[in-house]
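Here come two complexes built around chain A, the first alongside chain B, the second alongside chain C.
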Partner chain A sequence: MALPISKRKALAEWKLYLFVVPSLAMILTFSYFPAFSAVYHSFYDWRGGDSKEWVGAENFERAAMDSQLGYAFVVVFILIIANLFKMVPSIAMAVVIHRLKSEKWQYWYRVLLVVPMIVPGLVTLFIWKFFFDPNFGPLNAILDVTGLKAGLIWLDAHLLGWDVFAEGRPIPWLSSPHLIVPSMIIWGFPWIGAVGVLIFLAGLQSIGTDVYEAADLDGVTPFQKFLYIEFPLILTQVRLMLILMMIGTLQGFGLQLLLLGPEGGPSGAGMVPGLYMYNRAFSAGEFGYACAIGMILFVFILVLTFINNKYVRVQK
Partner chain B sequence: MTEPHAGEKSARGERIMNAIGFGLIGVCFVISLCQVFVTAFRSRLDDTPVVRIAHWQLEAGIRQGIDRLAEEYEKALAEKGKKVKIEQLPIPERIYGNWLLTKLVGGEAPEIVEIRAEIANVDRLARFFTPLTRYLDEPNPYNAGTPLEGKPWRDTFLDALQGTVTYSKELLDYYAVGFNMFTSRVYYNKELFAEIMGPDAVLPRTFDEFVALCEATQAFGKRTGRTVVPIAGSKYTAPILIQRLMTNQTQKLKIALETKYDLRPSEEDLALAYLEGKWSLRDPDIQSGLSLLNGVGRHMTKGFTQLQREDSAFAFLQGRALMILTGSWDVKSLTEETTFPVGVFPLPLPTQHDAKYGAFAFGQVSEAAVGTGTPFALPRDGKNFDVALDFLKFATSYHGNRIFAEESGWIPAVAKVPVPERVQAFKPIVEGFDSGFDLNLGPEHKISYTQNQYLVFEEFEPLRRFTEKQEQDSRDALLMDSKRRLKDHARNAQRFDSPLGALMWLRSQRPGDRELERKIVEILGRQNGIEIVLYESGERLDAVKP
Partner chain C sequence: MNGAAGIPTTVGSNKQDMPKHVFIWLVLAFELLPFYMMIQISMKTNREFNVNQWIPNAPWNWDVENYRYALELVLPYIANTVFVAVTGTVISLFLALMAAYFFARYRMPGGSILWSIFLVLMLMPGVANIVPLFMLIKGMGLMNTLWALILISVAGAQVFAIFVLRNFIEDLPKDLFEAAEMDGASHFQQMLNIVVPMCAPILGTLFILSFLGKWNDFLMPLIILRDPELFTLGVGLIYLDGEYNKDWGRVMASFFVASIPLFIIFLFTMKLFVKGLSAGAVKG
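For the complex of A and B:
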């Protein structure tokens, strides 16, 4: 840890601080300036360019009454809860790799996990778009061949009443508003993210072998080992991934934009706040309102992060 | 004793590998740095004017057409002892709008940019683009020695640039010139057509025959077990079909709503008429249009509303669809990429004699009003304006447009330029009636209409469900669009105040200057025109019940 120095000495070494100036200038220009510009423009009716009209808090008042924005937040919260459950496969994968006795196989599994990361995210999205193709996508083919489609038809007829699953009719994953949110949840199956697995694995590998030996002596089952030893000891990593997941889900809209377009798909069913912000800016030309939505999103993320920091405690 | 030796070897090996790694990074960095400096200094030392032309036309033939134009232009100028460089910037369509807007706002737009209505609305046209009116009033010097010599540049275009993108009715100025014209046709797989309908079958000439062909295709698919759809559909091609069908059924309604005696009610007029209760989605014309859409939509690829342009193109190219409705811009791509012969025919629409849909239609829509396409405009912030303007004159001269049409395979935009053989079938059919209108009546309304459109193609009560849902959204969307338009009109009228003020001051200094007087009258006329629209629309909107 750095030792504190006196103010006089710090001022005497002022030349050293010049080394920080270029990075600081870049951060101010490329991170802080756009943010301040967004705050500034959120109080204007701004259509891009120089022409703007001061409207005060009108954009925020409008956002408060905007039902489509409200719906977008509902969708994104559904996705956050789904993504919470989607963290489980990554944790399970990390535990499985960690428990492998052979270090060589541990290494190869880590490599196998990391290799798909070289594929650009956009390519993965395009592949998933093909998966969802109603006529030629593998998803519909698998459901047909495995007979799961019959189950979905039964569910639709007796429970859901959506009229989207029917014999002889391809399932319209991205063209029926009922299936848009389920499609966004299904996306990414089996939900094992390389970054998440590696972060959890790093946490697991810091657990000493003596803990496991003591557990073995006590006759603890493998699942109990996970529940009482491994999971509590990787809670720091879980909390980190939770924060990153929430921020990413709240801000993200690339998936929705690519799969559904700027309107958010049929009936705007796939609209999330990030996509709505994009829609307002580039489809409707309301840049000022889009900035106001950005500010609201920022506040949400701040509040969620605060709640996460305060209530998801790590028992050290 | 071997262990330390093995350890030393391993450490040395690791150092060597690290050194190689760092060395590679260093070499790559030095190469990149050199490339950056060489390019930067080359552009600084080389004072050749560079004109960048940006567009989203990635279809086969277009880039080659523009490259050929650039080559001929550079050669023509080199013969006069001038050096110039024309650079093409093809940008994917999906991001073009956002890319261009960012460039315009940042003041870094290329010298020539392709525009379309959604990108260049009135506000942006006035702010970012140079009006071309006074240049279009003069003859194009590159038409010397041709049948178009001496004619004002504007009048050398087939539509005299009266299209909605090239000419702004609100600003009363021309802002862009087009390189070609577009029409849409039904492309069909000749081999598959013969298989389905027999070798001697004729192409459908009426709407009923077209529907019969679609039904025969579906029956063929069921009979043979082959996956064949009548019409390859997608988010991209469906709007073309929707627009053709909807505007067929609203031909009579449009005339009924017309108030200015120009047979051209604008989106603004139609939106205000809706808010005033003069028409609604429940009108029989609109319902008939929706019914027509539903009927034809059944013959398109299932789930087409989620498919992209390339999905429908692939379906056609792979022989999984008999037909695809798209424009002449795809002629080279679709005819040269296939393993089967491709034909085209115009989409037959219901006439007034049609038993089911004839009540609301006059008949086949004339393509006489088709405007020039691929409109290119000149941003105000573009460097080398004179060269850019000169290049546009060259490209849209008799010779230039002929070169472009031959190379690209697109229909020329300039009068008297011969239409290439492969696009003869796409020549505009001028016989027919004026088109009606569709439901794209403004940016907000278009968003809600696009979101609700899927209901029109559902199986269960599509018309009722779409009408109810769209009615909930239409009023607010059209109100928002109308209010926004009013603000645009006010802003655009205000824009003329500064130049008017300056010109009037100059007039006080130079009394009797006729050129000044002419400019003042012209600008006043434009401002008055905008203000008339502003006050009239404002009155109508104020009268709309909340």
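For the complex of A and C:
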């Protein structure tokens, strides 16, 4: 804790206040001012110039009726559900690494897991985009060679009726409205997040070998070990990752912007709320409306953050 | 943690771990496949790529021409990115260190109010700020400058760094400061001579986290930069990927060159890296 200080001594130490001024000035200018500006302008019809017109809650009424925004929230909801399942491989990976007897290997696997993280995120993203390329991409090549494509064609003909999978025609992963959301779900296979694995491993660290030995003597199966020993111990970390994932997915739109462009791809099939805000501001020039969309997103995220701070305590 | 003083435990030998190793390597193979593809395609001409995508060229057939192209294209981007990332990180850590010192040294009158002004920002998502931030930069006449990126990233990094550093400074022994004060050291000197050396590891971790964040940033550069000479890696790669007729060998070589600087840093700071990433994810 910081030391208590008397009024008189504080007065003599007035120079200390100068230490906090630069930081304060930075956040007031680049964090607080934009935040208030966003609230303010969400009530205006503002095209970006000097002229703006007060429109009251019109922007919000428009947002409530905007079917494209509604669709964007549906997409982001689907992605959150998908990301929920995408957490499973990271947990499994952490548990398997933790159960290894050799500490040397535990360390080296950790390092290998971090390797993908030192490649710039954009590069990974563009390589994955290349994977999805209909003509040159490895994904289509793999589906062809393994015969999985025949299964997809059958599925399309009998169940989906999308008319996107056909013999002798490359699958247009990112250019067919039907396939954009599925592509984003497949994205990043096998869905190992290095940060997630490292955090789960940190949680597992507290289990001593003796616990496992006792469990082995009792004839506990590996899955029971996970259910009764490991999972309860990483519950804090799982909840933390869960909430981070939800907030990140809700406000993220970099992937969609880079893959599909500001329009969200063909017929806007990949539109998410953040991208819609970007699109309204920088493609349509409707800055006031974009601010209003930003405010709506802000409220959603604030509620999530609130739940986070209330129910998920991060152990120090 | 593994048995007493590293003595191998009798329950379950290393042999039993074989299926686990197989599982991990299988997953890692998929995880690392993109980078295998990047590296081997980067050494192929377009014609070779069309014939065969999967199997690497024999070393005597490696196409170095791609790398000449990539270096010429990407090096200026790297220079810009290094300038933004290093300047931004150094300034932001310096400001954060000063502010953290203020909060950690004494409970100054008004300190708790100031503290909450900072802390509230942890709850605010950045996404709603993007549009007004763009207008602000435009209004300040900073459009199309690297300094705009630096200022924004410095401001954005403050809260987390101050939060972490305050905890560390408060844990330092108080008599260190008292002794320095006896010797007539000013607060600034105390900060430089006591706090900086004692907090070096956490400063290193914060440096890497901040550097990594700035290295990967593309949204703000995309909105702010117009001149190709000013492009950071983020925007540069986006334009490269946007070309219609792609020469995949050249594209992949550029991607590879873009990854080299972080790779070099990683080699030297592996431990800090692994630790920093775990700490960074806790920031929320």
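Note that in this section the second predicted complex is superposed on the first by the 277 of 316 C-alpha atoms of A that agree within 3 Å, B and C clash if a C-alpha of one lies under 4 Å from a C-alpha of the other, contacts with A are read in each partner's own complex, and residues count from 1 in each chain.
The criterion applied here is as follows: contacts are C-beta pairs under 8 Å (C-beta built on N, C-alpha and C of every residue); 3 or more make two chains touch, one makes a residue touch a chain.
What you see is a predicted model, and the numbers here were worked out from it, not measured in a lab.
Chemist: State whether chain B and chain C clash or fit side by side on chain A once the two structures are superposed.
Modeler: Partners clash after overlay.
Chemist: Using the superposition on chain A described above, determine whether A:K101 touches chain B (first), chain C (second), both, or neither.
Modeler: second
Chemist: For A:R169, using the defined touch cut-off, is the partner it touches chain B, chain C, both, or neither? Pick first, second, both or neither.
Modeler: first
Chemist: Taking the superposition on A as described, I'd like to know which of chain B and chain C A:I307 touches: first, second, both or neither.
Modeler: neither
Chemist: Could you tell me if A:Q205 is touching chain B, chain C, both of them or neither one (first, second, both, neither)?
Modeler: The answer is second: A:Q205 touches chain C but not chain B.
Chemist: Between chain B and chain C, whom does A:R47 touch in the aligned arrangement: first, second, both, or neither?
Modeler: A:R47 sits against chain B, while chain C stays out of touch.
Chemist: Touch test for A:F282: chain B only (first), chain C only (second), both, or neither?
Modeler: Once the two structures are laid over each other on A, A:F282 reaches both partners.
Chemist: Just to be sure I read the superposition right, which of the two partners does A:E263 touch: chain B = first, chain C = second, or both, or neither?
Modeler: first
Chemist: Considering only touches as defined above, state whether A:P177 meets chain B (first), chain C (second), both or neither.
Modeler: In the superposed model, A:P177 contacts chain B only, not chain C.
Chemist: Under the stated touch criterion, name the partner, chain B or chain C, that contacts more residues in chain A.
Modeler: Tallying touched residues of chain A, the top partner is C.
Chemist: Considering each complex separately, which residues of chain A are in contact with chain B in the first and with chain C in the second?
Modeler: On chain A, the overlap between the chain B and chain C contacts is residues 48, 129, 282.
Chemist: Touching chain A in the complex: which residues of chain B?
Modeler: Per the touch definition, chain B meets chain A at residues 97-98, 101, 104-105, 121, 123-124, 127-128, 227, 235, 301-308, 311, 443-444, 447, 450-455, 459-460, 469, 487, 491.
Chemist: In the complex of these two chains, what residues of chain C are touching chain A?
Modeler: It comes out as residues 1-3, 6, 8-9, 11-14, 16-17, 20-21, 23-24, 27-28, 30-35, 37-38, 49, 53-54, 95-96, 98-99, 101-109, 111, 114, 117-118, 121, 123-136, 151-152, 154-156, 158-159, 162, 170, 174, 187, 191, 215-216, 218-219, 223, 233-234, 237-238, 241, 248, 251-252, 255, 258-259, 262-263, 265-266, 270, 273-274, 277-278, 280-282, 284.
Chemist: Would you tell me which residues of chain A are touching chain B in their complex?
Modeler: Touch residues, chain A against chain B: 45, 47-51, 53, 129, 132-135, 163, 169-170, 172-177, 259-261, 263-268, 279, 282-285.
Chemist: Chain C touches which residues of chain A in the complex?
Modeler: Listed in rising order, the residues of chain A that touch chain C are 1-5, 7, 9-10, 13, 15-17, 19-20, 22-24, 26-27, 29-31, 33-35, 37-38, 41, 48, 89, 93, 96-97, 99-103, 105, 109-124, 126-131, 136, 138, 141, 189-190, 192, 194-196, 198-199, 202, 205, 208-209, 212-213, 216, 240-241, 243-244, 247, 251, 253-254, 257-258, 274, 277-278, 281-282, 287, 290-291, 294-295, 297-298, 301-302, 305-306, 308-309, 314.
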